[in-house]
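One structure, as structure tokens, below. Some questions next.
Labels run A, B and C following the written order; every chain starts at residue 1.
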Amino acid sequence: MVAETDGIGGTRLAVLRGQSPLLLRRTGPRRPGGVTVHVVGGAAGPLRGDELRLDIEVGPGASLELLSVAAQLALPGRPAPASRLTITATVAAGGTLRWLPEPLIAASGCDHIAITRVAVEAGGSLLWRDDLVCGRHGEGSGDFVADTLISYAGKALYRHELAVGPRASGWDGPAVLGEGRATGTVVAAGTGLAAFTAAGRDLATFATTGTTGGSGSRAGSSIGARGGRVTGAHAAIMPLAGPGWLATAVGADIRTVRAALDPLCLRPAPVPV
Amino acid sequence: MHPELHEHGPDEVPHTHPEPGVDPHAPLASDGAPRALRIGIGGPVGSGKTALVAALCRALGEELELAVVTNDIYTTEDADFLLRNGVLPAERIRAVETGCCPHTAIRDDISANLDAVEDLESSLGPLDLVLVESGGDNLTATFSKGLIDQQIFVVDVSGGDKVPRKGGPGVTTADLLVINKTDLAPMVGADLSVMDRDAKARRHDLPTVFLSLAQDKAATPVAEWIRGLLAVR
Amino acid sequence: MAGLATLLLLADGRLPSGGHAHSAGLEAQVSAGRVHDVASLGGFLQGKLATSGLVSAAFAAAACGDVTRCAALDDGLDARTPSPALRKASRAQGRALLRAGRAMWAVADLGREPHQPVALGALAAAAGLTPGQVAVAAAHGTITGPASAAVRLLGLDPYAVHALLARLAPVCDRVAATAAARSGDPVDDLPSAGAPLLDIGAEHHATWEVRLFAS
């Protein structure tokens, strides 16, 4: 998928090509400056042995929002090596990419790896969301590894692996997810964050000053502090060492995670020119 | 790595320090001036350490470049007391967390306190005096000589007039023993002359002063003792 | 090459390197009620080993193997430590460790506040230890620190906690071996296992008015 500027303030899709199970559809109303594309699951999966790939290129000045129509369900399938989804994305200077898919559900017995490599050039902007549900209702989690590298201006900004499931030591202990069976992250990269997320207007200052101050609770309280950038008991927004921030939430189910992260992903109201 | 935080010139090439055992960064302030006199203030919980620090800040704050490091077990409690009482501006106070081990932070692993003292010196410029207040502990807590130059041990009369006789490293070896809250002596039945006699027996030539911060808000004998130390530096 | 006694010096909890004031995220999880006994401490330590233990061991081994990589490794740890409270705690401990290390050996210049694993690796190199050895010290340190904090915070039976540490020792060795084997990889490919609750807990902890540990 390649999004580029149409030269008159809008964005056009120079390439939009997909095959089952990753079909791509341009959707939604035409917005000034940007296009929206939905990933439409063309088959069940990913199943063990699947090797899937999604390449996204956002050119200078282009604005692309990627959504998905339904949750991805990683399933056991046949005895085979781990299924793998590799996503690469590049965002050029002045370009904006918002990746806001539905959650991945790691069904019991699945063996799935998601590799994400995003390179944002200096002057580009990124909002990258990943939600995960560990197992369907009433079942244990399958094995899943998220392996993520987001770089800005050629330098690693956020490098993170999360492993859940029977093979991941300590994943359901109090250091990693505890009792939580859903988790989500939003990474924002770039210096002009205020322009493309409603929360970014508020967070832009935060990301540059790096303060997490605020009134706190007393030790011994079962609920953490609510002041500053600590958004509820099991979520936090953190300014990264480089230009950007990470919001992380852990919850008993995906509703808790959505409640913490959705407000950060709202598109800002259009600013009159 | 952050070159801007580095203590060498920003344009210097990376280099090693070939003398193990010598920390070339530590002892001197950045402009080469002699480092501040560092005085540790220790003593049991409730003996009046923080009140003494506040009094010393009021007494000496005008005439000296002064800063304070607190080691309260509840981290910022003492620093907040000093701030609330307006005895010292916030930038001259650092609080150090001690992980439930106040004596460790002043004796066995002094790194966090050294870092706090050095941060004060680098942010405020050359200082005359740094007071390091320990978290309230027991009679065995003393400061490492790697952290401070002189130490004051504070006990109070309400702990009983037997405290000096019991001794312990704090009472026995501190450079100055302060027996505080003398105004309470009649009420708790403490005999000051017994305390004086026992302190002399334990401490030989080391000085002991009696103090009532309720009556002497400038902690005069302690402030005088510090002025004397600074005069001979 | 230095011997085991030198390695034990580096791994000793009595090394004056500031560790006693840090709970490695434990205090936040105790307050949240997730760690309350020896069993839940065990789950916490397993998660620590698999995430920050593996990362610390790999970065310490990498720094030890080639001290000229220290600046790049320091950046790599920044990218792996999204929580500003944890970056601050790691740099404070790196600074304290460097102070102790300089008193013992001729340590390469790392700036004022390197991340703790980078400082540990550089100290090990200066002491003549190998990447494999320092990886063990790093992995061991990621569980002994919070274990000691748990004894102090929860009043757990110290014998039961040490029995737990003994059970985890072989896991520690395996994590260290994995870390050392990957320590020559490019920085972006080094382990990056993260733990969401450690990040979130550290941010909550940093806002408390009253806490016993620095992190």
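List of remarks:
By our rule, a residue touches a chain if its C-beta (ideal position, glycine included) is under 8 Å from a C-beta of that chain, and two chains touch if they have at least 3 such contacts.
These figures come from a predicted structure and were not determined experimentally.
Listing every chain that touches chain A and chain C alike gives an empty result.
Chain pair with the highest count of contacting C-beta pairs: A-C.
Using mean Cα coordinates as chain centres, the one most removed from chain A is B.
If each chain is reduced to the average of its C-alpha atoms, the one that sits nearest the average of all protein C-alpha atoms is C.
Distance between chain centres (mean CA atoms), chain A to chain C: 28 Å. Inter-chain spacing, taken between the CA centroids of chain A and chain B, is 50 Å. Separating the centre of chain B from that of chain C, both taken as means of CA atoms, is a distance of 31 Å.
The set of chain A residues touching two or more other chains is empty. Chain B has no residue in contact with two or more other chains. Chain C has residues 75, 209-212 in contact with two or more other chains. Looking at the complex, you find that chain C touches chain A at residues 25, 27-29, 31-35, 40, 42-51, 75-76, 78-85, 87, 171, 187-188, 191-201, 203-212. The part of chain A that touches chain C in the complex is made up of residues 147, 149, 155-163, 168-180, 183, 185, 210, 212-222, 224-225, 227-230, 233-236, 238-242, 246, 248-250. Within the complex, the chain B residues that touch chain C are 1-3, 5-8, 14-21, 23, 25-26, 73-77, 96-101, 104-105, 108-112, 114-115. On the chain C side of its complex with chain B, the touching residues are 14-23, 70-71, 74-75, 92, 95-96, 99-100, 102-114, 149, 152-153, 209-214.
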